[in-house]
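My structure is below; once you've seen it, I'll send some questions.
Note that the chains take the letters A, B, C and D in the order they are written out, and that residue 1 is the start of every chain.
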Amino acid sequence: MVTVRFFAMLKGLAGTDERLYKIDGQVTVEDLKAMIKRDFPGLGALLDSRSLLVSINQEFAQKGALVKDGDEVGFLPPFSGG
Amino acid sequence: MVTVRFFAMLKGLAGTDERLYKIDGQVTVEDLKAMIKRDFPGLGALLDSRSLLVSINQEFAQKGALVKDGDEVGFLPPFSGG
Amino acid sequence: MTQDLVRIQVKPFSAEREIELAKKASKGIGAVVVFIGTGRDISKGVEISGLDFEHYPGMAEKKLLEIRERALVNFDIIEMGIVHRIGKIDIGEDIVLITAASAHRNDAFMACEWAITELKRVTPIWKSETTKSGDVWVSATP
Amino acid sequence: MTQDLVRIQVKPFSAEREIELAKKASKGIGAVVVFIGTGRDISKGVEISGLDFEHYPGMAEKKLLEIRERALVNFDIIEMGIVHRIGKIDIGEDIVLITAASAHRNDAFMACEWAITELKRVTPIWKSETTKSGDVWVSATP
């Protein structure tokens, strides 16, 4: 399973902060996004936004990066700390 | 009378922090310096130093500025606050 | 020690304590520059009555630790501390505090300013502002 | 108020209190930058065991007040405080503290850095360092 985590407005729109996805072998972050969009159509615009960042196992990852079983993938709206 | 005030190393070398000078009419800061050097020969090098600043009535003054009766003149070695 | 200097916490922090913590590192410290970010009552012209911060636990702490490490490598500083609050924060309260301690002040100024800019860029922390029309997630701050 | 914010004093100051004092000026403050100068144990390679500061009473206070006024005019800041200690100061103790409070952080950083540079340039304050070979007046600091 892959643990997908939502934060801030993504969490609000998804109505949950976490969702598990079963994947076969490896998928890319983009593949995972497509799976999420099917479950949460309202997240489409934000997930496709150029300002969205992605993390795999709490480290920044490119959108073409590979996700494997057991990974934690974070979808991170633009930060506003500080 | 003109009140001359010495600070930091000037005060140490002069052995006093203040000296009164009687002047006739107006003199320049340079004239006053000459009077001080006669009383305190050990101050010569410091008083002639390019890094010495001078104040008249607690405001910075040029060396050609005029000093009149009642003024307070400060001879200020390079600052080292902060 | 580093765990003390770099933290994310709900409760308010004390500037005094954070400064003392950074100064402990060396008697060669001659300058400490502190940045404190506080909750303003106005944001982009809109009146704000409160703030709420959320973070990505684990990743946010790691990013702050990395900022400190990189600052110690890239600037001539002796110590750096970073504390960020999460949860509800009132207007006027402190949100974040960064200390940079060095022998000479230029290095501390540069490192402190770099660290807060970098914090905003790479740390997964999000701010929600309470306005008259409800709570709004802030999408980015300069 | 201004007399509170700009002071020369013998006794130690509290960073916490000075920050609170500056923050009182407005709820629009979003950033406070603080510079603290502290007594180092080494100066130009020489071991220092203590410091002693002297000022030109009246003139030094006036110069600090002018620095604050000029900072408020020339930078987009909301408040500034400056406190400088005089008399004997131990290694590790705080000597000077400058707070700059603004809506956005760049202005506070610029104003704070300018103020400490200007303080060193125009304020009649002198430092004597206690070394193994006695007390030495410091002729200038960068």
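What we mean here is this: a residue touches a chain if its C-beta (ideal position, glycine included) is under 8 Å from a C-beta of that chain, and two chains touch if they have at least 3 such contacts.
Since the model is a prediction, treat every value here as computed from it, not as a measurement.
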* Moving only from a chain to one it touches, give the least number of moves from subunit A to subunit C. => 1
* Asked: Counting only C-alpha atoms to place each centre, which chain is farthest from subunit C?
  -> B
* For subunit B and subunit C, what's the span in angstrom between their mean Cα positions? -> 48
* Where the centres are mean C-alpha positions, what is the separation of subunit A from subunit B, in Å? -> 73
* **Whole-Å gap separating subunit B and subunit D, where each centre is the average of the chain's CA atoms** => 26
* **Where subunit C touches two or more other chains at once, by residue number** => 37, 116
* Asked: Among all the chains shown, which pairs meet the touch rule set out at the top?
  -> A-C, B-D, C-D
* Structure fact -> Seen from subunit B, its contact residues with subunit D in the complex are 5, 7-9, 12, 51, 55, 58-60, 74, 76-82
* To do: Write out the stretch or stretches of subunit D touching subunit B in their complex.
  => 37, 53-56, 58-60, 62, 84, 95-96, 116, 119-128, 137-141
* To do: Over in the complex, which subunit C residues touch subunit D? Could you list them?
  => 14-16, 19, 23, 27-42, 91-92, 103-105, 108-109, 112-113, 116, 142
